[in-house]
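After this come two complexes, each holding subunit A, first together with subunit B and then together with subunit C.
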Partner chain A sequence: MNKDTPIIKGLIASVGKVHGRVRVLLAAEDSNLLEENEILVTKRTSVDFMVAIKKAAAIVTDLGGITSHAAIISRELGIPCIVGTEIATEVLKDGDLVEVDATEGIVKVLS
Partner chain B sequence: MDVALVGGKGASLGELMSIGVKVPPGFVLTTEFDQKKLDEGKEQILKAFDELGLDHVAVRSSATAEDGLDNSFAGQFDTFLGVDRDNLIEKIKECFKSLNSPRIKAYCESKSMDPNEIKMAVVVQEMLDSEVSGVCFTANPVTRDTNQIMIEAGIGLGEAVVSGTITPDNYLVDKKTLEIIDKTISNQKDMGDIGKKQKLSDDLIQELSKQSISIEKHYQKPMDLEWAVEKNNLYILQARPITTL
Partner chain C sequence: MNSIYKKTPDGIVEDYLKALIASLQRSGHTEFWPFGPGQVDSYFEDILSVTLFEKFKEDPEKFKEALNLLPANYLRWYFLPFVILGLKLARNYDNFQITNQEMVNLVATVWEVLKGQVSSDPFCLDGKSLVLTADEVKSKLAEKSWLDNSFKKQINILSVDLEAYIWSIDFDIFAYGVFWHGPYFSEGKTLVIKQFSDLDSSVWDINEKYTNIEILFVFNKEIDITIDFMGHALFSSEIWEYFEKAQVLVDGKPLESISQVAEISEYFASKSSQQVDKIKKMTPEELIIKGGEVYYYMLRKFFEFYKEDWRPPETFYFRVKKWGLQYWDQFKQDVSVVKKPENAFFSRLYDPRNSFTD
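Now for the complex of A and B:
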């Protein structure tokens, strides 16, 4: 692995591993911007993000633990989720190709 | 304790007390209370409040269908924190009224439940000035391993942890050996230095684990607990069966 590849760590809230393009949503109102199978990256989710959550291949959040909304909804939907990364919304940008490895609790930027 | 009279939350607190678990002191207004009884019982309620000897309490709704295994009304009914003597009756009334909210009616419809079947009781309870609080599951909610206990701890009141607005510490404990298998120390922002350190001591992690095991044994199913520590004393605030495993 290239040592320059940025790695983001967090708590595994729902297991799984997927690749996808990032969509950073800072406001629930922007939920429509997320395209099918993109990776939802946000500070924390809530019911207001459902339009995006339903299309997302995985969820990565800055805040929260095992009982946060993102954690619970991801387990319900069976999609990978990593919470509490602190920095995901700062480090990741729309269009970044990432691997969300929710078996190790790591998000790797591939390009 | 009769769930029909005291509601799910009230009953679970009573049950916890009966097995020797430390819960914050308080009293329950049973489902037999209605508008008339509330007005008539005002003096009695204020007297019970005075007997607690506190300035502030938490006023929590306790519905008869809430915290039951099949229907989790969690978060649907009202809880009020920091209620003082002047607001007490008003907040109790609001809890009883929350039964008639459109949100509850919609929820009942989605679950094919008759809203008229649900009765409301109200728990009036000491509000702990907790230094640390959080949740505890007697199974790993992520992997579903029933041999592990998962604990989340944050500085301050439990509501912050449960609402997902902060990032708590996460500890994994082996149920059989009580060994702490894993610790993830979070950076709880806005808390400065103590926000970056381990929030619940190893001793308290083990004490909480032991309590959670007794509670699970009593209910005979994996449990989801809310706990708080005040001046090094561990209290259980709520215990309900894990609804999704």
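Now for the complex of A and C:
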């Protein structure tokens, strides 16, 4: 994480680049809070996150590798996904405008 | 035993470790839902592995016949490392005896069965899992009931809804019911097949009307997609630009309209949601029992071959009562504290040629 230009790095799980507002979900029970085309930011996903995943424009996780749940699902849905950032849920807040650049494996905080 | 292999048994073990470690590397540091490695399998891994090994020792040819009833994806990730670890653990109990050479022979035997099932590398070291022959591929591609690329989004949603359903009945860690095979290259096209099996698993009281669904994806060029030891399909999402058509076979019958695809998709999304709710209400003891049953059920064709019931033995249920949550708690996942082990650890853990289980 670079403090001057907030950038979070992770592993590219599914390529693509989108802009959107962050929705941090720490519990799958809150999946309904995510609105269409928001960026799902979470520790890791599992089957109980499916409602949120299908609405998300991109997924960013703290944990996982390129064969983790978020990675598998995002590749099939064709949405950008960055996994294993370690800090995304600590750094990003609900409503942050970010660019998820999953061709470079970085998330930039725009505002 | 050596004469039937082009590779030596030691060479096969090296291939197995290489393929396994590469797959584990890709999975990264994560948590599994609703339980992690060791939390459930500790209650039955040694018992089951000894049962399987005794059958192998008694009659290797019969054992191979029985193993051959299990698909390649079961034999690789869901069978081999599990059994090796279980046999190592079993050395601590009841004076069970097994030599390292016998363990190596078991790996070589699974490799041999896999070699009969696939025309690609048995452990997917070439990035392929080729179950179909070239003629079978041609015949599939010549079929008429295809859904064109306007169905792409709905088919992708169906695929993830089915995958979610499998995770909800097999759990993340035993999700054997999803099986990718391919890539099959034919006349400038690529065919990749994703199979969903045991949708009507008897482990759960789900009264499911469907059993197996297959999605055949066809791309209009040779695309870069690989299948690994753990059964993952690895590809860049850019491959969807080359998606040409798909066929969805529900218990062998092709779907023909977008509304049929959407209907099946919504049906399984709803089913997995119900399963998730059910699982969230289960106690750890219930999850341990269900996890054991899911694993044994995966092997039911093997047991049926021996005319045996697939259900776990009484010892398993007795252990759950007697041991309580000992291993459930011991292996509880806390990724903030426990870091992912190094490759060298996994290599020693799953190598049949040592006794390492720490």
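Basically, the second predicted complex is superposed on the first by the 108 of 111 C-alpha atoms of A that agree within 3 Å, B and C clash if a C-alpha of one lies under 4 Å from a C-alpha of the other, contacts with A are read in each partner's own complex, and residues count from 1 in each chain.
One rule holds for everything that comes next: contacts are C-beta pairs under 8 Å (C-beta built on N, C-alpha and C of every residue); 3 or more make two chains touch, one makes a residue touch a chain.
Quick caveat: nothing in here was measured; it's all calculated off a predicted structure.
K.L.:
Looking at the superposed three-chain arrangement on subunit A, would you call subunit B and subunit C a clash or a fit?
P.N.:
clash
K.L.:
Examine A:11 and indicate which partner it touches, taking first as subunit B and second as subunit C; both and neither are also allowed.
P.N.:
both
K.L.:
Which holds for A:75: it touches subunit B only (first), subunit C only (second), both, or neither?
P.N.:
A:75 contacts both subunit B and subunit C.
K.L.:
Quick one: classify A:83 as touching subunit B (first), subunit C (second), both or neither.
P.N.:
both
K.L.:
Check the residue A:64 against both partner chains and state whether it touches subunit B (first), subunit C (second), both, or neither.
P.N.:
both
K.L.:
In the three-chain superposition, say which chain, subunit B or subunit C, touches more residues of subunit A.
P.N.:
After superposition, C is the partner touching more of subunit A.
K.L.:
Per the contact definition in the header, classify A:47: touching subunit B only (first), subunit C only (second), both, or neither.
P.N.:
In the superposed model, A:47 contacts subunit C only, not subunit B.
K.L.:
Could you list which residues of subunit A make contact with subunit B in one structure and with subunit C in the other?
P.N.:
Touching subunit B and subunit C on subunit A: residues 11, 14-15, 44, 63-69, 75-76, 83-84.
K.L.:
Write out the stretch or stretches of subunit A touching subunit B in their complex.
P.N.:
11-15, 44, 62-71, 75-76, 83-84, 86
K.L.:
For subunit B, which residues count as touching subunit A in their complex?
P.N.:
Touching subunit A: residues 135, 137, 141-143, 150, 152, 154, 161-168, 170, 184, 186-187, 244 of subunit B.
K.L.:
Where on subunit A is subunit C touching in the complex?
P.N.:
Subunit A residues touching subunit C: 11, 14-16, 43-44, 46-48, 50-51, 53-54, 63-69, 72-80, 83-84.
K.L.:
Help me check something: in the complex, which residues belonging to subunit C touch subunit A?
P.N.:
So the residues of subunit C touching subunit A come out as 23, 25-34, 156-157, 159-161, 163-164, 167-168, 172, 228, 230, 232, 234-238, 240, 269, 272-273, 276, 280, 335.
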